[in-house]
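When the chains are written out, they are named A, B, C and D in that same order, and each has its own residue count from 1.
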Amino acid sequence: MGTASVAEQEFSVLLNEQAAEGIWRAKIATPVAASIASGQFMNLRVPGDGSHILRIPLSFKHADAKANTIELLYAVVGEGTKRLSQMRVGGVSTLVGPCGRGWWLPKTEGRALLVAGGVGLPPIFAAAQQLADAGIGFDVVVGNHTAERHLVKEIDELRSMTAGEVCDCERRVVVCTDDGTLGLNGFTTDGMKELIETRAYAQVYTCGPNVMMAGVAKMAMEHGVACQVSLERMMGCGFGACSCCNVALAKGGYALCCQDGPVFDAQEVAW
Amino acid sequence: MVSSLSMTVDLGGIKMRNPLNTASGTFGNGVQFEGFYDVGATLGAITCKGVAAEPWDGNPAPRLAELPSAIMNSVGLQNPGVHGFVGRYGAYLAGLREKGCQVICQIAGHSIDEYVRATELFEELAPFASGFEVNISCPNIAAGGAAMGATPRAAAQVMAAVRPHTSRPVVVKMAPHDVAEIGRALESEGADALSLINTIPGMAIDINTRKSRLARATAGVSGPAIHAIAVRMVWECAQAVSIPLCGIGGVASGADAAEMILAGATAVSIGTANLYDPTCAPRILAELEEWAEDQGVTDINELIGAFEC
Amino acid sequence: MVSSLSMTVDLGGIKMRNPLNTASGTFGNGVQFEGFYDVGATLGAITCKGVAAEPWDGNPAPRLAELPSAIMNSVGLQNPGVHGFVGRYGAYLAGLREKGCQVICQIAGHSIDEYVRATELFEELAPFASGFEVNISCPNIAAGGAAMGATPRAAAQVMAAVRPHTSRPVVVKMAPHDVAEIGRALESEGADALSLINTIPGMAIDINTRKSRLARATAGVSGPAIHAIAVRMVWECAQAVSIPLCGIGGVASGADAAEMILAGATAVSIGTANLYDPTCAPRILAELEEWAEDQGVTDINELIGAFEC
Amino acid sequence: MGTASVAEQEFSVLLNEQAAEGIWRAKIATPVAASIASGQFMNLRVPGDGSHILRIPLSFKHADAKANTIELLYAVVGEGTKRLSQMRVGGVSTLVGPCGRGWWLPKTEGRALLVAGGVGLPPIFAAAQQLADAGIGFDVVVGNHTAERHLVKEIDELRSMTAGEVCDCERRVVVCTDDGTLGLNGFTTDGMKELIETRAYAQVYTCGPNVMMAGVAKMAMEHGVACQVSLERMMGCGFGACSCCNVALAKGGYALCCQDGPVFDAQEVAW
């Protein structure tokens, strides 16, 4: 059972500030930084309101195993993330993790294409780091509704990220907005289209709204490229105890997002 | 001083080292919690997820909604069937028994025949089972489930059908209504113990789409919000039957567990709290022991049903 | 745009300017809220505190406990009797009628004879009453109360006995169980409408004294914690009867009220929220109107029971 | 209906600090300061935890109608008062008030005796101010378990309070502790005994633990002195809507603490 190693850990807030419209950037100190893998997630308890009993599942942007710190990016969408955004530097609580199954490296030689929509960026950023560390080249498509939602800092970091990478060809980072206020005027699938039709890829990695991932997965399969998707579900526990976060499978039946995912082979999922 | 206090209880033939049990469906099958604490060395018993003779897919997504001090779920007993269950978890569960933690396997079914078939398979394949819990109160499956436990007559029929197929202790998981009447019917058909309450059916509507927030119209409410209701039903049932009870419903602290015991519960299951506070069981056990000592007893059994009316 | 939206509803002959009503026992008799907002100009109706033929003292203290997202009370229908009630509040309540707010007087009793006697007195002394609510579900009185509404037969007997004594609309306040079956029985005996749910019986035990935290062993749980359970029961009852329903249970926002309406409620009562958020009614009404307009209807009645299963 | 004037008002925190062991001193700005009378109370909403839905009823020490400020003293006993003690200066919320019936002046000529136990001091302090303003002489007994619980600042203020008072004879302020760590070693009733046996009083005012008030009321009646008691009950609303805060009456039946009290004539109450 991969989940048997999930533990409860303390965390303390080192940084917690707005990064873009509705998006917050945080840095926490926690021992889980040493064991969490790219694409896995944590389930955070945000103290304060006893009427909201569930934890908040969060993917992460970067984990520093030496410093025992984790960088987070999260959208303030509901009551829980609002309370999280109000946690002060120095505030402490607990998290459960490392949770689930993360990204895996391409099974075949070649370049990777990363497609991030909205707050799907953090796990995509972690995948980029993983690829860079493995010396695998990649291109990135980052999409948002509008310019104000874009995480300029992360996009710059994606452009300059080099750790260990053997640069077989120049990396392309395509930014798009639904309203054309920044970069390509269109959806991430539009940005993905021109890349996948002009470059060869061994693997597509994607995270974002479900409808976007469905489109990305479809396009990847049409081009015969393997595709990994990082799914999001409301979760009761985060470690396989309650079976509430089910994901319908193409072969029928369900998998659990928290335990069998959040990263799935796009072909396994019933879109 | 804990040494001078006996915490062992007998849940209808299931001898537990302490009263703490886990509510089916909130504890996986135990192994998911090994990273949080030593399950086999800590709990009196665990109750596994409901299992049917054949695998069930369970209900579509979404299966979960958050409510004030509660959650609502409609998992619908997704399970791999008895063969799959024993294959995946049998060795682990046998290990729990060796550590002194009792293993209660939960039996699910859509019909009396399915309950009987699952019981037969468990008898054959699950030597590690200390006893069984017959779930006649799942609110989230179309046939069977709560329908099987809706009336004293229906509940008694399931119990009467299952009873001849096992000599191991049989606990029946009850729905949150008519617990005195249904409890008496189950006792008369040979139930060794009763566990209550299952989740309380509720509805959460998305007022914009006019549809349920979950895939099904109704789902089961659990958590601190229903604790006081559960304690009352345990008390009502305890007045009506002489077999032991396992109290379930919003237990998140030693005090919550103590209320269940005072109301008449021999064992207490931790449910929803396992999900949001997965390390709570050892803490709850310590709080329960501290309370029992403060009450000046040397045996936790002295406190069962000790509520003063 | 509110001008283009009709909010008027008909609760079994009680014509309300909007669906908002108040749950008996959480609103005094209206006058206590005049410092918070203009009651008569705001609400569709108020339901007064339960009144019996003769004065009742109610239960000893303590009558209240706080629970997660809820409270528990055992007031036990303390009331001054019909004569005392009319003398103290009659003039004020007549004034509410003049302002367009309907006044529902609640009838309490320990026996069928007492229900009948109280009805006769109200008929004689309360010309200001738009209609009556017969409370057969108070969990906090020894005789009568919930016992009178525990079974379809008992509930029907009360309704049958009261019916001949008034030609004004009669609403029956139901207990939180078997609402479909009991609802049908009440409808067949001439109930004009049903209101549900009353508080859900619960227990809170002081684990140090082993006694109830309240003066009685059990008391009624109310508040946000029970909202989803109440919505489900309103939906179950709406499937079973054709008379209008008043939805009650943990309503604290326009969204909560909208859920009740979608589930099948014609009117919605604000209960416990009146106590901790006494200015909530005007806000809830505004939120409800905004929702109805977002739904694109011109008449709130189009949304009653519009839940899509 | 005296309660018809109860309204919801905003309040903001001007001061919130520990005053003694387990006791906090706060100052809030709120319009209710202009209308609240000595011995009445407010029902405060403390933001933060949605699982605790009830407000917190609090008596007060002093209300400044010109400055629109109210001084509070409260014991941190439960979850609600703990959250209140964590409210920061500048924090805002709402309160319901003015609630209930407060102290009334003695109906006959003569001196008053004030007896405060533990956190019963705030309303007793308000009564002292009311008497001083009316030019009525008074003596005070203040009791606590131990010295650390005593509110030295308030005791000094009680000694020096003079506004308008015609000093017919020297005021006595008797401090006692159950453990003898400060002042008289004994209960407030011990301190009261020597005063009531040596001085003539027209009225006794008392607030504190129920058992103490019962003893004070008994002694007052034995000496033929009228006695007002300020009772405490858990409350659902604070303005007569729910009938949860019942007080058993000597004549039988119940009154409501929030509407008919919190101040009662001791003879009306079934002790």
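One rule holds for everything that comes next: a contact is a pair of C-beta atoms (placed from the backbone, for glycine too) under 8 Å apart; a residue touches a chain by one contact, two chains touch by 3 or more.
Predicted model only: the values in this text are computed from it and were never measured.
**Q** Select, from A-B and A-C, the pair of chains that is joined by more C-beta pairs in contact.
**A** Pair with more contacting C-beta pairs, A-B versus A-C: A-B.
**Q** In whole angstrom, what separates the CA-based centres of subunit C and subunit D?
**A** Averaging C-alpha atoms per chain gives centres 36 Å apart.
**Q** Hey, how far is the Cα centre of subunit A from the one of subunit C, in Å?
**A** The answer is 49 Å.
**Q** For subunit C, jot down the residues that touch at least 2 other chains.
**A** As it turns out, subunit C has residues touching two or more other chains at 68-70, 223-224.
**Q** Please list all residues of subunit A that touch 2 or more other chains.
**A** Within subunit A, residues 50-52 contact more than one other chain.
**Q** What's the contact topology between the chains, one of line, ring, star, complete, other?
**A** Shape of the chain contacts: complete, all pairs touching.
**Q** What part of subunit D is in contact with subunit C in the complex they form?
**A** 1, 3-8, 45, 50-55, 96, 233-237, 239-248, 252-254, 259
**Q** Along subunit A, where are the residues that touch subunit D in the complex?
**A** Residues 48-52 of subunit A touch subunit D in their complex.
**Q** Given the complex with subunit B, which residues does subunit C contribute to the contact?
**A** Within the complex, subunit C touches subunit B at residues 67-70, 72, 177-178, 200-205, 207-212, 217-218, 221, 223-229, 231-232, 235, 250, 255, 258-259, 262-263, 291, 294-295, 306-309.
**Q** List the residues on subunit D that touch subunit B in their complex, please.
**A** By the definition above, subunit D touches subunit B via 50-51.
**Q** Of all residues in subunit B, which touch subunit A in the complex?
**A** 25-28, 31-36, 49, 57-58, 60-66, 68-71, 73, 75, 78, 223-224, 272, 274-279
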